[in-house]
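We just call them A, B, C and D in the order they show up, numbering each chain from 1.
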Amino acid sequence: MCRWIAYRGETVALERYVTEPAHSLVVQSHSAKESIGATNGDGFGLGWYGDRDEPGIYREVRPAWSDENLKHLCRHIRSPMFFAPVRAATSTPTNRPNCHPFVHGKWMFMHNGQVGDWSLIRRRVEALIPDELYKSRIGTTDSEAVFLAILGAGVETDPIAATMRTLAVLGDMVRASGTIEPLRFTSALSDGQNLYAFRFSNNDTPNTLYYREAHNNVVIVSEPLDTERANWKAVPPGHLIVARQHGPVELRPFPAVTQIAAE
Amino acid sequence: MCRWIAYRGETVALERYVTEPAHSLVVQSHSAKESIGATNGDGFGLGWYGDRDEPGIYREVRPAWSDENLKHLCRHIRSPMFFAPVRAATSTPTNRPNCHPFVHGKWMFMHNGQVGDWSLIRRRVEALIPDELYKSRIGTTDSEAVFLAILGAGVETDPIAATMRTLAVLGDMVRASGTIEPLRFTSALSDGQNLYAFRFSNNDTPNTLYYREAHNNVVIVSEPLDTERANWKAVPPGHLIVARQHGPVELRPFPAVTQIAAE
Amino acid sequence: MCRWIAYRGETVALERYVTEPAHSLVVQSHSAKESIGATNGDGFGLGWYGDRDEPGIYREVRPAWSDENLKHLCRHIRSPMFFAPVRAATSTPTNRPNCHPFVHGKWMFMHNGQVGDWSLIRRRVEALIPDELYKSRIGTTDSEAVFLAILGAGVETDPIAATMRTLAVLGDMVRASGTIEPLRFTSALSDGQNLYAFRFSNNDTPNTLYYREAHNNVVIVSEPLDTERANWKAVPPGHLIVARQHGPVELRPFPAVTQIAAE
Amino acid sequence: MCRWIAYRGETVALERYVTEPAHSLVVQSHSAKESIGATNGDGFGLGWYGDRDEPGIYREVRPAWSDENLKHLCRHIRSPMFFAPVRAATSTPTNRPNCHPFVHGKWMFMHNGQVGDWSLIRRRVEALIPDELYKSRIGTTDSEAVFLAILGAGVETDPIAATMRTLAVLGDMVRASGTIEPLRFTSALSDGQNLYAFRFSNNDTPNTLYYREAHNNVVIVSEPLDTERANWKAVPPGHLIVARQHGPVELRPFPAVTQIAAE
């Protein structure tokens, strides 16, 4: 179980959401409220879009709460679109390539969830990654593999459809593996212009997801950054958020699988 | 607030106390029960006596719960006397020289507590350290400074008296500094032959300390390693444990300050 | 290019070879003489057999020359059989799972070399790893994959034949991939009882390998630990060393591939 | 011995000087040419001024050449004034608080050199630091102590005079300590508006310093970033560079000590 935030809006210092709020992401790294374990101390990451096509990225194995660099970077880096996750490792080692977010070219991804029993289906999920993307696999997590699989499933043409197709295949793989472990997918994806966030599980309650809009800004979070719950809307299971560069924030149900397959 | 264990007895693998018990030190690094914060994720250390005069030492900034090396070392290193602390940093950085235990020659020390408002009296405490020991100060914690001060207060002649003298001076310094922060000192000290553990506070409840004897083994802990509380005796405030190499385990009240001064 | 040492003999403190000699492994981490780059500062490892079936292991991303823990561990850990490698990373990240040695059960392995253009054949090499071993792949190096492939090629029955078979398959894969990059394999393998070391390249000069015998001790090294070159014998290309637990040290040419295939 | 660069000029991405040149700072971390040791692998730092009064800072214990974060940050952070040092540790541990640059409020400092035999005069140098600054001492290096001493010597009124006064006192201390080790001070200091760089030694050749001007940009370096030596001017011993925000770059001899004292 991890915690994350994604932001799109006017250019702000990352500290506004990562370190300053009463229940900021850094506080959540220590004392999360809506996850099974309160501690998300197995590394963290920052990814932000600036004046390059690809995002900048900072990942570190130390807990977010004790990293002096994180505090400085959040105060000095400004961005109109950024991701910040903190990690509670499950079965893969705590090292930088296993920390979220994952980046490939202009695409960035982070994930809170699990892909059934990873040890049972890892090879099959890795086989979804096209050869030209497999060399970008520098870690061993399920999340990085799923990201590269989504990239290979037509992300440039239609990011939502690519994600739906990948989830459909993953769901089949998890079922076929005979595990009772769920597929849980509470994730964010961006190309630097548009932001997509997903809340899904195949057979139980997906990990939590909330968002808050104000003016043209949207911040999407695993759990609210403060106690003013009225400002935070829960994303229902099987729903996604689309925040295009200059558009409104849309909350949609997942498209039907048949609809995806037809595309 | 930190958690620690100290052991003296038959030679055992460190894992017997550090990683194996139901509420082992590694579990306490994640989910301590008797400290203000449950998380002690700001580094840890191991110190053990073997066939050298001075102890071996392993210190690392990562949380104990995610350090693969710790698991291996605890399984493969055997010792008749070892210390293992996990740290919850207060005001000093998380780096190896600030992790307990501290070692100088054959002497080893670890500490759970605080020395008033450290920023107010740091210079005065550092001034207690003799010149020839000051070059061994490689970190910036209060605990390391107190250790070097104890060494300089006659530890070779009488470790208990050296500790009492230092505590008396520290108590005066804390009072004189005008702070309301307490002097809390729940610590362990060893020369490789004998083990001393102290529980003290100048004006409030000192941090917890328990011990368990079985045969010729004694394990001294911040909090019990399992739920069989009957096996664990609490060390009362103002008391110390002396476990000499071949002797019984003694629980004693602190000697009177006048008695110390007279020595 | 990396540097390593392997030892089998009377029980000694690791420091005798890792830190004490004039041109010790730690010196080689800083100033290697027989490798393309002098610096091997991208992490290191220790693996040693003691009173458990499986070896202990310590791996760290910092340069060996600046790691205080390494110095302490080498002074305090004693073993009759140990491996110590320092790493110069090529194309995979510097993190602990990518540091040598690699351990699986009682087996331990370290490697200095390369497997053609890894990005071209990684998937094929990974496909050599049996399913039940694939869950032990926690890093992304060629070396770890080759180790797991050797384990899957019948290491329990005949470690040398398993290694030869794997090298034959790797050689075919490298050739088929169309690269001009060589297969270089200067490696050590042990089950805790016996020590095997290999020096091989498919089409150019393999990385250096030397050994020194004295009484019943043998130390095998990438480059000599001192300037008394007369004591050090070079292992010729296409040769291997076998040092069984209670036997003499044997230097042998690689068995013919046909011979292997027949086994 | 360390290597560093300081930049003042039009706003540029840090990569222009830190990672891109043929003999960039990152290359120097691996293969320095004008220092005693070629390897500067004991941590590094970045400090840059942006839209805050105080600079941003990133410090890490790993070698600069293997830090993926450094590469990303240098590509994505832009600044009109920044410092970037790589460290070859001498006698103090490799941890973040011991990495340059050092920051206090708007002031930033980095140093390549030594202060006699540090173990002999550490206490006296630390005693130069005013009480209100001593709580900012979070490491144990001579360089951090010298920085805080300079801040306490009137840096707000006259940074050059504060530096000269501190050097005069340090020179006396080194002499009085009876060591033959020199005082070497090749340093950079900035308040975000103005950049000062010093090259000095009390009794031998100070560590190298060069600078290159182009248009309104100046880059000051331990050794040139490329082989076009004609573009690089050596700073003579006992000289300093002053690059005020909107002014020309001035190369000056150190003011006479009597002149300083009179101020």
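Definition applied: contacts are C-beta pairs under 8 Å (C-beta built on N, C-alpha and C of every residue); 3 or more make two chains touch, one makes a residue touch a chain.
The structure presented is a predicted model; accordingly, all values stated were derived computationally and were not measured.
Considering the contact criterion stated above, the chains in touch with subunit A and with subunit D alike are B, C.
Over half of the residue-numbered contact pairs of A-D are shared by just one pair in B-D, B-C or A-C, which is B-C.
Between the Cα centres of subunit C and subunit D there is a gap of 41 Å.
Of all residues in subunit B, those touching 2 or more other chains are 68, 93, 96, listed in ascending order. Contact topology of the protein chains: fully connected, every pair of chains touching.
Interface residues of subunit A, counted against subunit B in their complex, comprise 30, 38-39, 41-42, 61-63, 65-66, 68, 89, 93-94. Interface residues of subunit D facing subunit A in the complex, by the touch rule stated above, are 48, 50-52, 55-60, 68-69, 72-73, 75-78, 96.
For subunit A in complex with subunit C, the touching residues are 92-93, 95-97, 119, 122-123, 131, 134-135, 137-140.
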